[in-house]
Amino acid sequence: MQSEVKSLNEECGIFGVWGTPDAARLTYIGLFALQHRGQEGAGITVNHDGELRTKRGFGLLTDVFDSPNAVADLDGQAAIGHVRYSTAGSNLLENIQPLPFNFSDTQFALAHNGNLTNAISIRKQLEDRGAIYHSSSDTENLMHLIRLSQAPDLDDQVKEALNIIKGGFAYLVMTKDRLYAALDPNGFRPLVVGQLPNGAYIVCSETCALDAVGAEFKFDVQPGQLIKIDDSGITIDQYTTETQLSICSMEFIYFARPDSDIYGVNVHSARKRMGELLAKEQPADADIVTGVPNSSLSAAMGYAEAAGLPYEMGLVKNQYSARTFIEPTQELREQGVNMKLSAVKGVVKGKRVVLVDDSIVRGTTSRRIVKLLKDAGAASVHLRIASPPLRYPCFYGIDIQHVSELIAANHSIEEMRQIFDADSLGFLSVESLIKAVNLKTIAPNQGLCVAYFDGKYPTPLYDYQKEYDRDQAQLHAAKMR
Amino acid sequence: MQSEVKSLNEECGIFGVWGTPDAARLTYIGLFALQHRGQEGAGITVNHDGELRTKRGFGLLTDVFDSPNAVADLDGQAAIGHVRYSTAGSNLLENIQPLPFNFSDTQFALAHNGNLTNAISIRKQLEDRGAIYHSSSDTENLMHLIRLSQAPDLDDQVKEALNIIKGGFAYLVMTKDRLYAALDPNGFRPLVVGQLPNGAYIVCSETCALDAVGAEFKFDVQPGQLIKIDDSGITIDQYTTETQLSICSMEFIYFARPDSDIYGVNVHSARKRMGELLAKEQPADADIVTGVPNSSLSAAMGYAEAAGLPYEMGLVKNQYSARTFIEPTQELREQGVNMKLSAVKGVVKGKRVVLVDDSIVRGTTSRRIVKLLKDAGAASVHLRIASPPLRYPCFYGIDIQHVSELIAANHSIEEMRQIFDADSLGFLSVESLIKAVNLKTIAPNQGLCVAYFDGKYPTPLYDYQKEYDRDQAQLHAAKMR
Amino acid sequence: MQSEVKSLNEECGIFGVWGTPDAARLTYIGLFALQHRGQEGAGITVNHDGELRTKRGFGLLTDVFDSPNAVADLDGQAAIGHVRYSTAGSNLLENIQPLPFNFSDTQFALAHNGNLTNAISIRKQLEDRGAIYHSSSDTENLMHLIRLSQAPDLDDQVKEALNIIKGGFAYLVMTKDRLYAALDPNGFRPLVVGQLPNGAYIVCSETCALDAVGAEFKFDVQPGQLIKIDDSGITIDQYTTETQLSICSMEFIYFARPDSDIYGVNVHSARKRMGELLAKEQPADADIVTGVPNSSLSAAMGYAEAAGLPYEMGLVKNQYSARTFIEPTQELREQGVNMKLSAVKGVVKGKRVVLVDDSIVRGTTSRRIVKLLKDAGAASVHLRIASPPLRYPCFYGIDIQHVSELIAANHSIEEMRQIFDADSLGFLSVESLIKAVNLKTIAPNQGLCVAYFDGKYPTPLYDYQKEYDRDQAQLHAAKMR
Amino acid sequence: MQSEVKSLNEECGIFGVWGTPDAARLTYIGLFALQHRGQEGAGITVNHDGELRTKRGFGLLTDVFDSPNAVADLDGQAAIGHVRYSTAGSNLLENIQPLPFNFSDTQFALAHNGNLTNAISIRKQLEDRGAIYHSSSDTENLMHLIRLSQAPDLDDQVKEALNIIKGGFAYLVMTKDRLYAALDPNGFRPLVVGQLPNGAYIVCSETCALDAVGAEFKFDVQPGQLIKIDDSGITIDQYTTETQLSICSMEFIYFARPDSDIYGVNVHSARKRMGELLAKEQPADADIVTGVPNSSLSAAMGYAEAAGLPYEMGLVKNQYSARTFIEPTQELREQGVNMKLSAVKGVVKGKRVVLVDDSIVRGTTSRRIVKLLKDAGAASVHLRIASPPLRYPCFYGIDIQHVSELIAANHSIEEMRQIFDADSLGFLSVESLIKAVNLKTIAPNQGLCVAYFDGKYPTPLYDYQKEYDRDQAQLHAAKMR
């Protein structure tokens, strides 16, 4: 039962806009560009002359807003929205964001991307004082902390609350007369500010959403900042100055859209450079280069260019594969039935293929793709991974929580090669990853969070420390056997 | 009212299998690989010990089969399925295929890809004799002709009926004890036969569906052939010997999946060669090459390789764009809001871009994409089309029916360049198209139908002749003004 | 498989109107008053300036027209509608009426209440000539016969077709410019004509639908009549003069609404008289009289009044019992769980109860109700049935087809009393039934069909004769044992 | 905005069971018998080995539990359920009951029938302390008060909380190991305890739900009682001894089901006595008596019996009228279109009719029914109301909140007669109402709440006092004009 009461919000997309007609439609369009950040739920809260109304539900945006009127009904001049990624415990509507709060004399709505590391402790403490939580989401903590604050005005109440929560977070908080945006002290999650031609401000997870709505990029929100947008304009404040930039490197490797820029770095270009450096570190004697569609295509282009090999379409992804209720039986799967990926026989037959993938988590997909290519007649398959081996969990908002699931935490590279039945296997080094991202302002190992690769967490782990220690001990014991 | 009574079935996908457990699931998986051929409707008819049951509906396969049981309920050893593309008049469930027919003593199911050119005449003639049609689909004609045939057995009845209908067609006809497949005398539409490891035969529109279900390709069905599959195996017959191969070139250019082979030619490779020849015929002084995702990427790769220019990801397609009920208002659209395509600023800014597209129909998309790239900072945009200008309608199953809608039928290339605001514009020649497809066995202008480019139709137009003459006259008059 | 190809339309309600604005809404309201005649499917065909559009589906009217726009979308000046009752084979949308037919140059829609006794023969004969049926409904026969007729005009074609079909039927046939209504030569099914204040004519199954739409009753359609309504008014014709009135007595006993009049006789009043005559024929030594809600309340009132006993509410029917997906388990049922009917303990406790029911088919309900009253403390239960024992099947449109299901065909009255655990049991005689209905113009046993009570069918049985003979032989054999 | 934050729960039905297999199914069946108490929403919380799961939604039970599995999925040994009636502000899923509460270490579910008179004050006070409410329902207050209580154990926390809330309430509170039931100090709302054959206890709103699930009635819960049911059996406690019985008389007049007993009085019998006394107080020179179906039939039977007049079915209610999306237009309505009620012409034509109705709120229905009967030919209509004129609002759970809506608060009896176009009009006196209900143990005006008739409220009005005073002042001013 109590398993529902844990933090679940990870890898989400948020979008907020203040001061423009048709705010909900713009938010829908912005979220549509952020749909890759979460497909399990979606919602929009609109501010109509000071009254907040929320519509939210399970599934894709197109599932939740499933008629032309669904957004038209949300008339207003400001809005925040959310697309949600989640794993276990996701089947509660109460957890879908934005979370709406109605008080006798006011209303709030909250949307959040990230993961709080002290959510369980805070909740226990507040419940002992009589608090009632209605979701099992860590997001709700901020609302309770704001309401319990004794600070004289709302700005100070929000700041006080932000100083209590820990972890990775990008928060949007809307009331009847303002929109707050706040980023954690390490800037783990991306958050940018843009402006529409009519002057209205937007704050959202990625620049691709600014492009989608025709807004101009203004700036990246900085660690520890609290942004306030209201009818008088935008105000930038710091709720803490104890900050240290640690942008999540998985955003560059896999998660963000290729057309987005994070801290001035284009994601596609960073991936292409990862591929180029990978070609240098891990060359292969091959005829063609192909990538796993769609997230690895940039790295594959970079590898091909640097290696002087032809870049080819060796794999085709079914573009309707988003969701199907009908799956092959296990028997059919073993007979080679594959609904999502196909090898292009005419391309790979008889060829020595470099197969570029962005990362490896459990390794099951890698094995299937190598087999797919060999069944299609590839002479050999050289698997190249455009990021370092994933060996440690993430507690700041990426869904990698248990080392037991990480194949690279449990096996050597040669063991993995055998498991995948690849002819060779190579990973990008952490140094090259940092070089490829090429954040202008940072010293080595600073600015970019690579904790899942090297285990060096930039913050204490709070509620997760015990879990982490137990997992590491189990891993160590397993390796001893 | 009577507008419903016209032929509507165009650009569809069909799949049939005989003699294997879980036939409906295999058909679903096969259709899933053919979903690009039609998204307006789908259906499966299963044969369960001689009893036929049909499930069909509007939308994608995942809309029609919207629960895990939807296919499991269709238990049987043989099945045929259909994915449907349609334009006007599509809102009749009766038109969704397979069309089921129940007689006092037997059952039939029909699925069809193509367009009959004498459907209206046949229907009028049969109705005058008392026949009642229940769909407005041209597909139904074959059933009436079979039942009215006085031939002694079903094989001969089917052959007699096939000799009456004209146009482009690939037909599947299932009864309680057999599965027929028939191709028109010109082989306009693709149709292939494969075999599962357990010996069961499959007949379907493209080889990608054979790959998806783990079947081995056996042969391309030839013009005028009638295939019969039953419990005793496969029989190949000709219902007519007056045949002349005229494969639809648009299948290679745009319609088929890149991993499919048609008459031994891989579609991706053919497109890449189109891009290579386009680079030679229509070079450009540029820095990078980018394609319109997803159908033009192969041609763009070929252009880049032949031109010695970097192949880049200058445009990103939203992978969730399949369908949304919420659209930007006209006002938002003019402000640059775009939900489907984004330009990658970090890639195109300041660059001279070759933009490769597979074909141009109305031209509205081309103008928007050129603008998108220029707004993102492209120094110049050189639009290159990997096929010749579309100037004539198709009556064999591709949805190009009125020249008034074809921008190339109404404007010169320079006029189009200005409309698109491109810095230059170039098309592939018909000769290079034929060379790129490179069908082994054919003489120039034979084997490949290019009638939409040159107006030379390989058959009489029957019911469409009058419409065609009127359209050409109007076009001529318009050009005179 | 072929079991689908049999006649299925029984006990339905039909409604048609010609020449008034908002015709579909009126038809909806009229059908709503006829919903008791069929709950398995519903549909409306509207005539909008000569174009026919049909909406139909499974379930109640409120299931099919499930939004305010569902009827508003059907704009037109004439319409026909249907509510459908069915047993096996009902899960085909094609069978839901009105049946729409689209020809190259015209359209038809058909709605039908009744059952044809030569439907199977006609279909076989026409299929051998090449006809294709698309429903498994007997209704469709009329359309084929009309189209195959060589008569010079539509009026004659319809008459010719009506003379071929046999059995019980009330038909509505709408084309772009007229509405036909036809009744079988025995007038088995009720059909009335009314007129709106604006002059528009209505033809429908019961007068309660005329009241619901504010129309004035004009006349009962007579056996063998063909009514034509078009923009020039109403025309009354006879397609045959070989007629003999045989109104279905079950309409008076159970099926029609109490506020309807049939051939001038109010249904509630007829039922009350049945109860009065029942009290005289089958008196009981009791304290109170109660009826099974809702269809037996009129008869119970009559019984109480004639017997000089208090009329009481001894049973309450759950008014939300229309449909529920959740049923008691068998175990719960045996523990006395009952979701539809409750005994009123405060009323029946310690009382000797006369329980009046309208009829007994299988007898399972009767046993349960007697038990319900005894469990609630009734001292004794005297079951009185306000109609004669049902012993023969009906082939004219009432769903009583097999004598094996009829408890009175298989058991004596004393055996039934024991099965029901009633303290006494009595039925109304056929003579009293005829007296209670009191049709003015008829000789004994003429005018009213009582074939299910006495086995004397007013017509040949055609396709059903063989089935009837077999059933009677089995029944006879069973009684011999 | 803030209008959502007010008390909304009125006239609901509740059902709880502890310690039996298939508890959710039993709860469904019990709620099904209570569906007349609320049709706007429904829900069930099941207790499965200590884990609580809730399913709730808008509409009827059959809408919320819309598949056979919907209840089967709720496996457990205890459950509580709720059917909800509501007016404004009902469109929040959060307000549908049972309300589920998840804490880090425990779970609660609450269901409630009634209305708290100090809900707004409590909420404001608790929000100032940092509390967050998630529904706008007054029900939620109890949960906050329980959690904020400093009492040593849960029993005492619940008692403390119950002593703070005011008004009319019957509460069910379920935790992992127990089920509480509590009644307000006046016993405004009905609440009874029963027992299944297997010993499991049930607590629910009316005895009809006990009958439906096959349970034996044990006792009426008394004012101020707190019942606790757990695995060790049932415990009866008093949370307060300051009680005074004031059962809602509208339960007897209109709201409860006729087969229910309240404090030992059968509802149908009480209504019949109301009719009998009404006949004596308000006789009429008439031919027949008819009631408005279904709630007034008992009173009409009593009137007919006492007056020695025939009881007749003069009106028929469409039994499918529960809900329809299609309504007559205003124009059609004026032409006499009526979808819910029909007059039986054959019965009322030419007759002098006594029309018995249970009560009059706004009076619009009365006017329409009188017109319906006169249009059907009634010679005269004598309207008799089996309860006193409604002149004051109710604050304890019946939806009569504003005197401006009450026709009897604004008009004399003669004025009303004219408005209704009745030939005469008579109401039952308060004294006869009390006599008809005939509660054994009560002195005049005690035991039965008749405040809506005489304005004498048995408790202070708390948050409603100001509203009440304002309404009375407006009413007074209006009468002065």
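For clarity, chains are labelled A, B, C and D in written order, and residue numbers in each chain start from 1.
The rule we apply is simple: a residue touches a chain if its C-beta (ideal position, glycine included) is under 8 Å from a C-beta of that chain, and two chains touch if they have at least 3 such contacts.
From a predicted model like this one, the values you see are computed outputs, not experimental measurements.
*Asks:* Counting only C-alpha atoms to place each centre, which chain is farthest from subunit A?
*Replies:* C
*Asks:* Subunit B to subunit C: how many Å between their CA centres?
*Replies:* Their C-alpha centroids are separated by 50 Å.
*Asks:* Please report how many Å separate the Cα centroid of subunit B from that of subunit D, as a whole number.
*Replies:* Roughly 62 Å separates the two chain centres.
*Asks:* For subunit C and subunit D, what's the span in angstrom between their mean Cα positions?
*Replies:* Inter-chain centre distance comes to 37 Å.
*Asks:* Which parts of subunit A, given as residue numbers and ranges, touch two or more other chains?
*Replies:* none
*Asks:* Who touches whom among the chains?
*Replies:* Per the contact definition above, the touching pairs are A-B, A-D, B-C, C-D.
*Asks:* Can you list the residues on subunit A that touch subunit D in the complex?
*Replies:* Interface residues on subunit A, with respect to subunit D: 1-2, 4-5, 50-52, 93-94, 101-105, 107, 120, 123-124, 127, 129-134, 136, 143-144, 147-148, 176.
*Asks:* Which residues of subunit C touch subunit D in their complex?
*Replies:* Answer in residue numbers: 22, 25-26, 28-29, 32-33, 35-36, 60-62, 65-68, 70-71, 196-197, 208, 211-214, 257-259, 261, 266, 268-269, 294, 297-298, 301, 305, 310-313, 316, 318-320, 322-329, 332, 335-339, 342-347.
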